[in-house]
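Next come the structures, one after another.
What follows is chain A paired twice: with chain B in the first complex and chain C in the second.
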Partner chain A sequence: METIMNKSGKTQVIREKVNKVLGISLEDARLTKSYLSVAFLAILLGGLLGLLQGLNRAGLLELPVWLNYYQVLTAHGLLLVVVLSAFFTIGYFYAGLSHTLGGLLPKVRKMAWIGFWMKIFGFVLAVIPILMNEASVMYTFYPPMAASPIFYIGLVFIVLGVWMCAFGAFINVASWRKRNPGQHIPILSFFATGVFVLLFFGSLPVAIEVFTIIPWAFGWVETINVMVARTLFWAFGHTLVNIWYLTAVSAWYVIVPKIIGGRRWNDLLTRIVVIALVIMNITGGFHHQIIDPGISEPVKYMHVFMSLAIGFPSLMTAYAMFAVFERTARRKGGKGLVGWYKKLPWGDVRFLAPFIAMAAFIPAGAGGIVQSTNQLNQVVHNTMWIVGHFHLTLGMSVVMTFFGISYWLVPYVSKRVLTPQINKLGVIQTIIWTIGMVIMSGAMHWVGLLGSPRRTSYSTYFDNATALSWDPYLFFLAIGGTLLMIGVLIQVYAVFYLMFFAPKGNTEFPVAEVEEDAAPTPRWTERWGLWIVCMIVLVGMAYVIPLVDFIVNAPPGSPPYKTW
Partner chain B sequence: MMHRSEKVWLFLSFGMIIGFMLITGYQTFALEMGPPSYGERIDPQKVDETAPFDNPGIKQIGEDEYEVVMTLQVFSFTPSKIEVPAGSTVHFILTSKDVVHGFQVAETNLNAMVVPGYVQKITQKFDNPGEYLVLCNEYCGAGHQMMSTTITVK
Partner chain C sequence: MKQSGYGLILLLVMLLPPVANLLESIMITHMHMQMPILVIAGFLMAKFFQQHYLQFFAKWNENGVPGILLFTIIMAYWSLPRTMDEALTLTSVEAFKFVSLPFLAGVPLRDSWPKLSSFWKHALIIFFTILFLALGWLYMWSPVQLCNNYLVIEQITLGWGFISTAFAMVVYLVYSYFMDFSKYE
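Moving on, here comes the complex of A and B:
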């Protein structure tokens, strides 16, 4: 028995070495290529729809009746917030699992494919009613607005597809742990574990919500509890955006240091950041409900604390990143208080894009802290400020990191290389995207402070003087949106060129090592069961009071409405 | 394990978050500036028959103090066209007759979600004369961009 164990252990070690030397197996590569292709097609389509909205809000374009602003906005949200995020995250982390754990288990690969097709099927189901104007409910689909039941059934399949991938990742990690007793999960797989834990637990509430909506949308049940649905939605909605963020953060800690020729930050602190973000994330959803009725001020105050607490690991990250940059640059001979920045590889898109992404997180994170605070939230809630905020966080910090990843991940999985020309194109793309997003998001923040609402097609509100005074700012949405569309086209071209046409060759999966003199990381960081229990306890603290109140003291429910 | 500068940084980070909490708490509980959180329940299908929404409108309740009972429905505010003298404090009592709406008055801090089944309350003192734009800031359907009215302060 022991010899058999030893033998299979040895084969596994050999497999892991082969994997490191020869690169990703063709089957694992095909999986990631498929996921990334869908992600970048989603950004192409979603970006185009975004441009249409920008032009409309600037008063330049009236959308036709058969494709109105709210259909476009619903599809834009679904494509970018759900499809792009899920497909990129899964494609990237599955490549990471394959690389750091010695290949995907055949069973896990099959699960990821089943998950792939379930998500595609679900997405097609959701899009059909949107195109037919039967589901213009936004990606938040707040009841008692009721879309066609097909829309919600589509969402169920998307969630189930995500769960398949989450469980696949858990199985792969568990199997590796069994084969490597006493060892730490490799850092990138540690991040992946955190992300998939959040994907599973974060999408549980929305799954419950959708299961209560479906019978109501079919008319089998007459009314729905509006506040319960809304609260369950935000338990998911905010977690989702933080899942993207954690995905981007994984590249900041693990990939970027390698690309600049350095070593990564303290392993223990990195793992603590992951654990903290996993434990504290879901309760952040309540800051979307700060000006809702029915939640008392003391409970809302507790929610503010829970939301702001997420800022702490982000501030730890901010320090860590700049410390790694400085340390690496000084080792390369960088001098002076800030003069060392010259030693960083600014001409390398794999560094430049995620660097700007990180820099954008400074104002983005500051804005987030400000707007999560009760009274300040009241000033900006549901205004264009919020739209500006998440275009800075997601559109810059997250998506630019994804872009930066694509310039090595796509060649890695397609066994090709990044050419100097495409690198240069990537640098140009990064600059165009940065300018476009700064213009658009800056204008959105400003006009939002003046009062212009989000999720509203172009309106002068019957030539109201206040509304007319917003027009000059809204014009910048069209300028920014146009630049971003150019950026999307370049980016999508670069991805598919690198996937199918770039010269063949070997590209490394850049995972940075810890410092040579690094202290060993304590074992307790691996206690995922405990972290999940902590997360559930925190979720209980935040949600039990309001949810019980909404259920026990529920007003008569609402029937479905189709108001579009 | 940690560099001194990191300890300082994290101390400042923690201090900043606690600072936000203290100020928010002071404003909420000492100055009564908390966000609109009223939670009385109402049957959303019987708003027209339920007091005070059976008689929406503006009522003077004190010197320089008014109460506005308002319903929100696709795609309008009832009553529309409110007029008050400058210096008035206005208490809004709001509910929705159909889907979720938002009550926002541009150039003020009036901003509240109005959810069917719940009564929402929010108060504002209007010091400066002018015409204030009231709009719905939660997407509520095809005519959402039309859902607006004005408050005139004389």
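Moving on, here comes the complex of A and C:
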């Protein structure tokens, strides 16, 4: 038995070496290519729907009755929030696992494929009722608005597909650790582990929510506890947001330093950021419910603290990133207090896109802190400000990082190279996207402060003067949206060109090394079980008081509503 | 030594009347926030006592069992509904809480934990898991108000707090039972 184990261990070591020299295996590459293709098709379609909404909100386009604003809004949210993010994250991290752990195990690859088809099947199920105008409940699919049960059944399959991929990743990481005793999980796989832990634990509450909604949507039970459902939804909704953010952060810590020719910042700090984000994330859901009735004031204050705590690792990230930039630029001869910035590779889209993404997180994060504060949240909660906020965080910080990743990941998995022309196109795309998003998100923030509501199609409210005063800002929203659509078209073209038509060649998977004089990372960072226990304790601290209150003091509950 | 100072500051902050009043006004924060923080304060301050009374700890807590026994007794005592009520009613009991939890639970916990074998460590976690499950059951299903100072709804909340903490400990126990760290290190 032992000899067999040794043999398979040796084969694995050989495979790891082969992987390093020859690049990703064809089978692993196919998996990532499929995930990325779906992700970028989703952005094409989702972007188009976003443009329709932008034009509608500016009063420039009246949508036909068979495709109303709320249908478009639901599909836009689902395509970009669920499909784009999940497929990109899984495609990217599976390529990372394959690269850093010496290829995916055959059974893990199979699990990822099963997960792929489950998600596609679930998505098709969810889209049918949306197209039939039976599920215009928006991405935030909590009661009392009820969609067709088929919509929720589709969501169940999406969640199951995600779990398949999460467990696949755990199996691959565990098997690598067994083969490499005493070693730390390679940093990119460490990020992947954190992300998949969050994907699993974050989607548990939404699974419970959906299972309570399905009988209600079928009419088997008459009412549902709205507060419980909303709370379960946001435990997931907020975590999902932070999963993409953590995915983007992984590229900032691991990939970007290599691209600019530098080394990684402190390995221990990086791992602590991952652990802290994993432990503290789920409880952040409550800051989406600051103006919900039914949660007592002290509990809301506790949650402000818990939400702001999540900002702390982000501040550590900001520090680490700029430290890496400065250090690398100075090594290349950069001088002056800020003059060193000239030495950074601004013409390289693989750096430019994630850099602007990072810079965008400064105002985006500040806006987030504003919203987590009780009184300020009450001013902006149901306005376009919030829409502006998540377009800045997700549409810019996260998605632009994803774009930056695509310029080396797609050639890497396709065994092709990034041509100077596509790099130039990428730089142009980055600039267009930046301008478009600044205009659109800026207009959204501003018009939100002036009171323009979100989740509402165009209306002048019987030519009310205040509502009419929003119009100029809403024009900017449409202009920004149009620029973004141009950006989407260029990006999708670049991705599929790099996947199928670019010249053949070898592209490196850019993983930066730690500094030469780096101190060894302590072993406790690898105790994932302990971090999960800490996370459960924190979730208990956050959720026990309000949930017991919602359930014990429950109102009669709500029947399903179809408001559209 | 710095951490002993932090522990003392933490204890002093917890002693401030507004802080104590706030935490004691809600049953679950009284038991699951104030009391553990007091233990943590003692845990941090333990460094000071360990350095100054080396002989004492070596003599009386050689293998860690006496210390952990003291810790367990103090913790079990403060899990009773009656003691919480008394802490709110009698100043002497309140004073005992602020002395016993840091110095008779936090300090011995720190001194004992590294001395204990893995058997005792797990036995302790198992004991507290069972205790928490039992208390959770008691607080959740008790038909009557157990504390004069707290409503039944707060009692149920505390019960769920116990159950969720017990759940976390079960996850930890399962994790350490099935994980063979020697395979990875």
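Assume the second predicted complex is superposed on the first by the 557 of 564 C-alpha atoms of A that agree within 3 Å, B and C clash if a C-alpha of one lies under 4 Å from a C-alpha of the other, contacts with A are read in each partner's own complex, and residues count from 1 in each chain.
Convention: contacts are C-beta pairs under 8 Å (C-beta built on N, C-alpha and C of every residue); 3 or more make two chains touch, one makes a residue touch a chain.
This is a predicted model, so every value here is computed, not measured.
Visitor: After the alignment on chain A, I want to confirm one thing: do chain B and chain C clash, or do they fit together?
Guide: Superposition check on chain A shows chain B and chain C fit without a clash.
Visitor: Which partner does A:Val544 contact after superposing on A: first (chain B), second (chain C), both, neither?
Guide: So A:Val544 only meets chain C here.
Visitor: I want to verify one number. Taking the Cα centroids, what angle sits at chain A between chain B and chain C, in steps of 10 degrees?
Guide: 70
Visitor: Figure out whether A:Gly182 sits in contact with chain B (first) or chain C (second), or with both, or with neither.
Guide: second
Visitor: In the superposed model, does chain B or chain C contact more residues of chain A?
Guide: B
Visitor: Just checking: does A:Ile536 make contact with chain B only, chain C only, both, or neither of them? Give me first, second, both or neither.
Guide: After superposition on chain A, A:Ile536 lies in contact with chain C alone.
Visitor: So, A:Asn553: does it touch chain B (first), chain C (second), both, or neither?
Guide: Both: A:Asn553 reaches chain B and chain C.
Visitor: Given the touch rule stated above, what does A:Asp517 touch, chain B (first), chain C (second), both, or neither?
Guide: A:Asp517 contacts neither chain B nor chain C.
Visitor: Based on the superposed arrangement, let me know which partner A:Arg455 touches: chain B (first), chain C (second), both, or neither?
Guide: A:Arg455 contacts chain B only, not chain C.
Visitor: Check whether A:Asp463 is in contact with chain B, with chain C, with both or with neither, and answer first, second, both or neither.
Guide: Neither chain B nor chain C is touched by A:Asp463.
Visitor: Compute the least Cα distance separating chain B from chain C in the superposition and give it as a whole number of Å.
Guide: Superposed on chain A, the two chains' closest C-alpha atoms are separated by 11 Å.
Visitor: Let me check the overlay on chain A: which residues of chain A are in contact with chain B and also with chain C?
Guide: In chain A, residues 553 are touched by chain B and also by chain C.
Visitor: Give the list of chain B residues in touch with chain A in this complex.
Guide: It is residues 1-3, 6, 9-10, 13-14, 16-17, 20-21, 23-25, 27-29, 33-39, 41-46, 74, 98-100, 102, 104, 106-107, 109, 111-120, 131-133, 135-142, 144-146, 148, 150 of chain B that touch chain A.
Visitor: Tell me, which parts of chain C touch chain A in their complex?
Guide: Where chain C meets chain A, its residues are 26, 28, 32, 153, 156-157, 160-161, 164-165, 167-169, 171-172, 175-176, 179, 183-185.
Visitor: Any idea which chain A residues touch chain C in the complex?
Guide: Against chain C, chain A makes touches at 177-178, 181-182, 298, 523, 526, 529-530, 532-533, 536-537, 539-541, 544-545, 547-549, 552-553.
Visitor: What does chain A use to touch chain B in their complex?
Guide: 68-70, 136, 138, 142, 144-145, 226-227, 230, 266, 268-269, 289-297, 300-301, 304-305, 308-309, 311-312, 315-316, 319, 323, 369, 373-375, 377-379, 381-383, 450-451, 453-459, 461-462, 464-467, 519, 553-559, 561, 563-564
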